[in-house]
Structure formats: C-alpha cells, structure tokens
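The same chain A turns up in both complexes below, where it pairs with chain B and then with chain C.
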Partner chain A sequence: MNKKQISITLGIMCFLLTIAICVQIRTTNLANSTVSQTLSDNELRDQVLKMKERYDNTYREIENAQKELEKIRLTATQNDKTAEAKEQELKENNMILGNTDVTGDGVEIVLEDAKASNTSLNLSAQLIHYSDIQLVVNELKNAGAEAIEVNGQRLVATSAITCEGNIIKINNERIGSPFTIRAIGSQELLYGGLSRIGSILDVIRDGGNTANITKVDDITIPKYSGVISYKYLKENK
Partner chain B sequence: MIFIAIVLGCIIGALIGINMPMISYTYSGYLAIAIIAALDSVFGGIASTLNKNFDLKIFVSGFFGNAILSILLTYLGQKLNVDIYLAAIVVFVGRMFNNLAIIRRYYIEKWGKRAEKNVEIDNSNNAKN
Partner chain C sequence: MKKIKFRADITAVTIVIFIVCIVLVSVMLMQFRTVEQTDITEIENMRETELRTALAEWKSKYEELSTQLSEVNERKEEYNQKINDNEATSELIDEELKESNMLVGKTDVYGEGVVVTLADNEERKIEAYDLIDLVNELRYAGAEAISINEVRVLTMSYIADMGDYSYITVNSRRIQGPYIVKAIGDKDYMYSILNLKGSGFVDRSKTLGMNVSSKTENRVEIPKYDEEFEIKYMQEVTAE
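The block that comes next holds the complex of A and B.
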C-alpha cells in the first residue's frame, strides 16, 4: 500500500464527510430558526417540523396535479372553437371564485392595534377585532371590490372571519395584527367609500388604533389555498 | 502528504456542501448518526496509517458499512421505541477518542525524539566550541 493511494482515499472520505456535515448543519439551523429553540420542547418541535414538511409536500403535490390538469385541459381544447370558449369561461369563473392569482388596481388598508403606551379608558377599543375586519370587508364589497385578501388569505364564498380568543382566523388560518387588507376594484369608489368621514376606518381610529388606506396600482392577490368542497349541493333541474 | 489530502478534501467538501440542497428534517437524524460513524472511520484510518497497518479494504468497507449499519440500527430503534442510536454514539465516540489518543501519542513521541536529537546536536556543537 503506497502513501499516495492512502492519502487519496482519506481525502475522498473527508470530502464526503464534510459535505454531509455541512448539509446537516444547514438543516438543523433551518429547523432551529423555524421553531423555538428550547431543549425541553424537542419532541414537540420534531413533530411540528415533520407535520409541516408533510403539509408542504402534499401542497406541492396538489399544485403539480393542478398544473397537470391545466395542461391536459389545454391540449384537449386545442383546435376546437367551442371548447376554447368554454376554456375561457372556465378561466374567468376560476378567477372570480378565487382559484387563480389575480392582479389589478385597487386599495390597501392597514389596521394595527393601538400602541401599549396609549392610555385610553376603553381597553377593548384599542384592539382590532374580527368584527372590525368584517365591517371593513363588508364596506369594500359594498363599494364593488372584486377580489379581497386579508394578510394573504383570499376571501372566497366559503371564507369565515372568526374570533378565536386572542387571534383571528380567516379560512381557518390564524392571522394577527397588523392586518393588511387589499382589494381590487374601482380605486375611486373603494377609496371614497372607506375614507369618508364617519366611515368604519374613522370608527376604528377613534380607539387609538391605526387605520390607513392607500391607493395601490397592480395589486396581486393570491389564490385561495384551501379546497372548496361540497356535500349537499345539487343541481337544480 | 496525507494531511494535505485531508485538508483539501475538507475544503472542497465544505464548498460543495454549502451549495448542496438541504435534506428533509425527517432524515437529518439518520444523517447525523452516519456522520458520527464516518468520522470514527476517518480517525481510525489516520491512526492506522500512523501505525503503518492501514488496509484500504477495511477502511472503505468500515466507512460505508458502519454508516449504513448505524442508520439501519437507528431506524430499527425508532420502530422498537428504543434509542439504539445512543449506543451507536457511545461506541463510535469512544473509539474516536481512542484513535485520537493514538494519533496524539504518535506525534508527542515523534516531537519528543526530535527535541532530544536537537538537544544532543546542540550539546555536541557546544562541546566542539
């Protein structure tokens, strides 16, 4: 056994080893930054990470399946005028239902809880409640908003805005202050409807909370990430 | 020569490892135990090189065999709800210390001898003068 051979093998082994160590360190670093670092919660942390991973994987699978479906639909409707029209209709319906990302001009409203230093007698008024969000959304819809999103959650026909103790849930996802509500629609109507004196934003501001509305061009509102399923619906013949 | 190869391997490995895709968290426990096993093999390899009884076949089979075996044992332990990986860590780290001790002794002896020689040379020089 000559020395050259030995050193080459050892070098290759060390090479493999350092690759593995680097990958491992990066993985654990990521895991630590995602969830809390206390040692006693290690088991729970493990479980949370594994669940999150499984969720992400499943979500990716769904996305891939949707892409596949889109592709199949495209090839099936090629060279067919009526099918193309149907395809267009399908696309428009998906846009309205919240199944695709949409862009357009609109407004952005930011609601934020009052600062702790604010000494108002009515403590409850210093928080943004789920009802405030409901009212804002309602006003937006009244002013003709075509797509609405709250902290990344697209509002669709089945969306509920609920109060779960100290957090608010939309589409069963937890969201917290500050709330960014974005809506696509006529900028003048939306802005005018919500910035008038005595509007819901004025009421929210009364408690010491922050409520700002700005016109924003080219808002992108993400699609609804859940699945709209039904059990009791039947077609009316 | 050997240490140049090791350092070179480590540097290239680190550079590639930083840019590699991350593995999923579920498998990082297995990778950790495989790393310990491989680290033990490398130290064993260095120690046996110093002792001049290095065998390539034993080294390579130990490197991969130990890693794979420890992963399998960890997996089995998870299925049986016993922390077998603890036993693997104890064994591997114990051996690692043994090998490190061999390496340490070798160099201390080597340098000790060299120092003695230098002292002798100095003494003889002084005697001449």
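The block that comes next holds the complex of A and C.
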C-alpha cells in the first residue's frame, strides 16, 4: 500500500461518514419542521418526556420491589407448609392476570393492509380494521388461548381494542399494520380454528389484505406494561 | 531496511484509522438506536392538543404506578416485621391471595357500575359482535368486572353466535336475549362513555335501530367465573 492508496481510502471513508452524518441531521430537521415550533409546544414536549421518564423509572422500581417481595414472602413462610400451595396459586393468578412474562407453544398470525396498487377494490376493505383484530382475538379465545399479545401488547382484563381516527390502539398504545398476534395454547385447536374455510382470516383476505397463520414453538408473551389494580370492586360474601 | 520500517508505519496508521472508523460508526449506530428506542420522534411530531392529552395520560399512569409501588413496599415492610411470626405471615399471604383471586374472577363481587340491556326487535337482532363491541367499550371505560346474563366475562372469555344466530354462547354457556350486561367501575364515567353522541355504544346502537338502554347503579352484583381455571400450555418465564 502506498501513500496514494491510503489517501484515497481515507478520502472515501471521510466522504461516507460525512454523508451519514448529513443524513442524520436532515432526518432530525425534517421531524422538527413538521411541527409548529412554538415555545409552549417545546415546554409541553419536555414535560411529556419527563413524565414518561418518571413512569419508566417507577416501573423499574416496582419490578425490583415485586421480586424482593417474592423473596421475602418465601423466607417468611419457610416454616409454613400450606404456604407453598398458596404461593403457587398466586403465581398462577399472576400468569392469568398478565403480571408475568409467559412462554409456550402456540400460533402467530400476521395481518397486513393490502398493497396500495389494488385501487379498483373498495378502499375500506383494503385496510385492517380494529373490529378485524377484535374478531381474530375472539376466535383465538374460542380455541382456548391462554395468553394473547398484539404487537407486543399483552391482553389483560381491561384491554380494549379501539380506533381513534385511523389509529388503532390497544391498552391505549398506538399500534400499526402489520399486526402480529401471538397466542399460547393448543396448537392444533388454535391453528385448526383459525385456518378453516370461512374463518375470520378468510374474510380479511377477501378484501385483498394479507392474513397468515403459522404454528410457532416456544412463543414468549410479555407481561402487561401497565398496572392491574382496582378501585370499585368489593368481594361479595 | 528503510523500506521495511516505512511499511510498518503504514500498517500502524492503517490500524489506527480503522479503529477510529469503527468507533465513529458505532457511535452513529448508538445514536440511531437511542432515537428509535425513546420514541422521541413520535413525541416530536405531536401537536399541542395531542401533547396535552399525552401529558395527562402519562401523568395518570405515573400516579397509578406510584400508588402501586407504595403498596408493594408496604407489604414488604409487613412481611419483614412479622417474619418470625408464622401465624401473622400466613395471614398476610392469605390476604394477598384473596385480593389476587378477586382480580382473577374467582369470587363474587359487587360495587357501583352500569347495567346495559339489549333486546331483539323487528329492526335489529342482537348478535355476538354487538356484545363483543360493548364489552370492549366497557373495558375501555375502565370496567373492573363484567358479566352477561350472569355469566362472568374474563380476559380469555369468548362470545360467539351459535346455531345459525339462534343463540349466543359466552364461555361455552348458552344465553338468549334480552341480554343484560353488567359492569363494575366508575359508574358516571362508564355511562358517559357509552352515551357519547355519535361514538358511544348506546348512542351508535340506537341510531341503528337497536333496542338498547343503559343506567347507572350504586350496587351491581357480578358472580364469579364458574368454570375451571386450567393452565395447560403456558409457563412462567423465570430466566433472569
């Protein structure tokens, strides 16, 4: 390698790096320019970010506290023979409630809006609607699903699938196409129930949308990202 | 000799340049990843009204979480204080289990809430999807327990049309109209969500000619889930 070659290599590398940095700066600028940059907007944005950070920190704290509680509970009830069964039931309850990450065999369904080229078809039929997701989820429950997630959102007792304008939300978090729905349960029942002729997946395909189902082993479904609590419930004895 | 030394220098220079490049590239990648992770772009793109709602949402979520955190910490304290007293710790675990069982749906419950009644008429027959939609909206409005014709509706409950729309099943239990849907939660909030002009379930359904009515009640009673809770396929993820 001589000096000339080195200079050329250096030159090319510098050029590439500069381009990459420029692209990055432009992306950031682009994102900014779409918003009216008033002072109050910026302040609000800061506040939202701060609040989100506080939430994330507390969430981490609570995760640790819960783990510690479990340990303390174990040591405190060492000598209590009935405690073991109770701890087991608590664990199972938390799996059902969506308080823990769970794993198992199941199916994965991917729903995707039709490609824009099919303009001759009915436009509305070319989109996945929140009702489609509701119906797919209902079918999975019908086939005995034990845990379900949609784009990372675990379904729990208070999970609603809603639509605001053209944004679909689950657990109040925005999700978008493609929608990946994972369910743990009997693979035969889940797959059989959803892939039969005339199933909801067929109906979704009729509009030109994509709807695929596959059996997947060892799916991990994350726990609910919010808090499961109550304010109005009382036990009726 | 001279030539060889010169070569060695070049190799050293090349290595240095190479390392610098790697560092630069990793810094850039890190930057890209951080931007993606924090959703900052999403928040950057929001307008004032959206920002205000987002702020309110995060604030209430944060407050809820803080309450939960102090509860967990209190419980930890209690266990720690009573760690040498078997009877007392046994009581504590019973209490935890009781609360958890109530949340899961293993007990009869009551509380303030709303009652929605749907019935078939000549114009419109009630179908499973109507009930799915209503349950979904009640969940959105924060319902803590729901039942349809005294059948408890849980996370994994399904609602389906059967026998060519002649009846509906909930948790494999057959039910027939009129359908009485009960929900425990903030009664005024749930009622207002259901009756929102144009978008609330009750208002929308009335426009479609459905026979539907709703009312708030101070005491709504909802029975426990009357089937087995069986976990056959899922396991807790324990690896840390």
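The rule is short, and it goes like this: the second predicted complex is superposed on the first by the 183 of 237 C-alpha atoms of A that agree within 3 Å, B and C clash if a C-alpha of one lies under 4 Å from a C-alpha of the other, contacts with A are read in each partner's own complex, and residues count from 1 in each chain.
Rule of thumb we're sticking to: a contact is a pair of C-beta atoms (placed from the backbone, for glycine too) under 8 Å apart; a residue touches a chain by one contact, two chains touch by 3 or more.
In this text, all values refer to a predicted model and were calculated from it rather than measured experimentally.
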Checklist outcome for this item: In this superposition, the partner of chain A with more touched residues, chain B or chain C, is C
Next on the checklist: Which partner chains sit in contact with A:Arg26 here, chain B, chain C, both or neither? Use first/second/both/neither.
Outcome noted: first
Checklist entry - Which of the two partners, first being chain B and second being chain C, lies in contact with A:Leu17: first, second, both, or neither? => result both
Next on the checklist: Contact-wise, after the overlay, does A:Met95 reach chain B, chain C, both or neither (first, second, both, neither)?
Outcome noted: second
Checklist entry - Which holds for A:Asn236: it touches chain B only (first), chain C only (second), both, or neither? => result second
Checklist entry - Looking at the overlay, does A:Ile8 come into contact with chain B only (first), chain C only (second), both, or neither? => result first
Next on the checklist: Once chain A of both complexes is superposed, is A:Glu61 in touch with chain B (first), chain C (second), both, or neither?
Outcome noted: second
Checklist entry - Is A:Leu49 contacted by the first partner chain B, the second partner chain C, both or neither? => result both
Next on the checklist: Just checking: does A:Ile167 make contact with chain B only, chain C only, both, or neither of them? Give me first, second, both or neither.
Outcome noted: neither
Checklist entry - Which chain A residues lie in the overlap of the chain B contact set and the chain C contact set? => result 1, 6, 9-10, 13, 17, 20-21, 24, 31, 49
Checklist entry - How about chain A: which of its residues touch chain B in the complex? => result 1, 3-24, 26-28, 30-31, 46, 49-50, 53
Item to check | Sites on chain B touched by chain A in the complex | outcome: 1-2, 4-6, 8-14, 16-18, 20, 22-26, 28, 31-32, 34-35, 38-39, 41-42, 45-46, 49, 54-56, 59-60, 63
Next on the checklist: Touching residues of chain C toward chain A in the complex: what are they?
Outcome noted: 10, 13-14, 17, 21, 24-25, 28, 31-32, 38, 40-41, 43-48, 51-52, 54-55, 57-59, 61-62, 64-69, 72-73, 75-76, 79-80, 82-83, 86, 89-90, 92-94, 96-98, 100-105, 107-113, 129, 132-133, 136-137, 139-140, 142-145, 154-160, 184-186, 221, 229, 231-237
Next on the checklist: Going by the contact rule set out above, which residues of chain A touch chain C in the complex?
Outcome noted: 1, 6, 9-10, 13, 17, 20-21, 24, 31-32, 34-36, 38, 40-41, 44-45, 47-49, 51-52, 54-55, 58-59, 61-62, 65-66, 68-69, 72-73, 75-77, 79-80, 82-83, 86-87, 89-98, 100-106, 131, 134-135, 138-139, 141-142, 145-148, 155-162, 172, 184-186, 220-221, 226-237
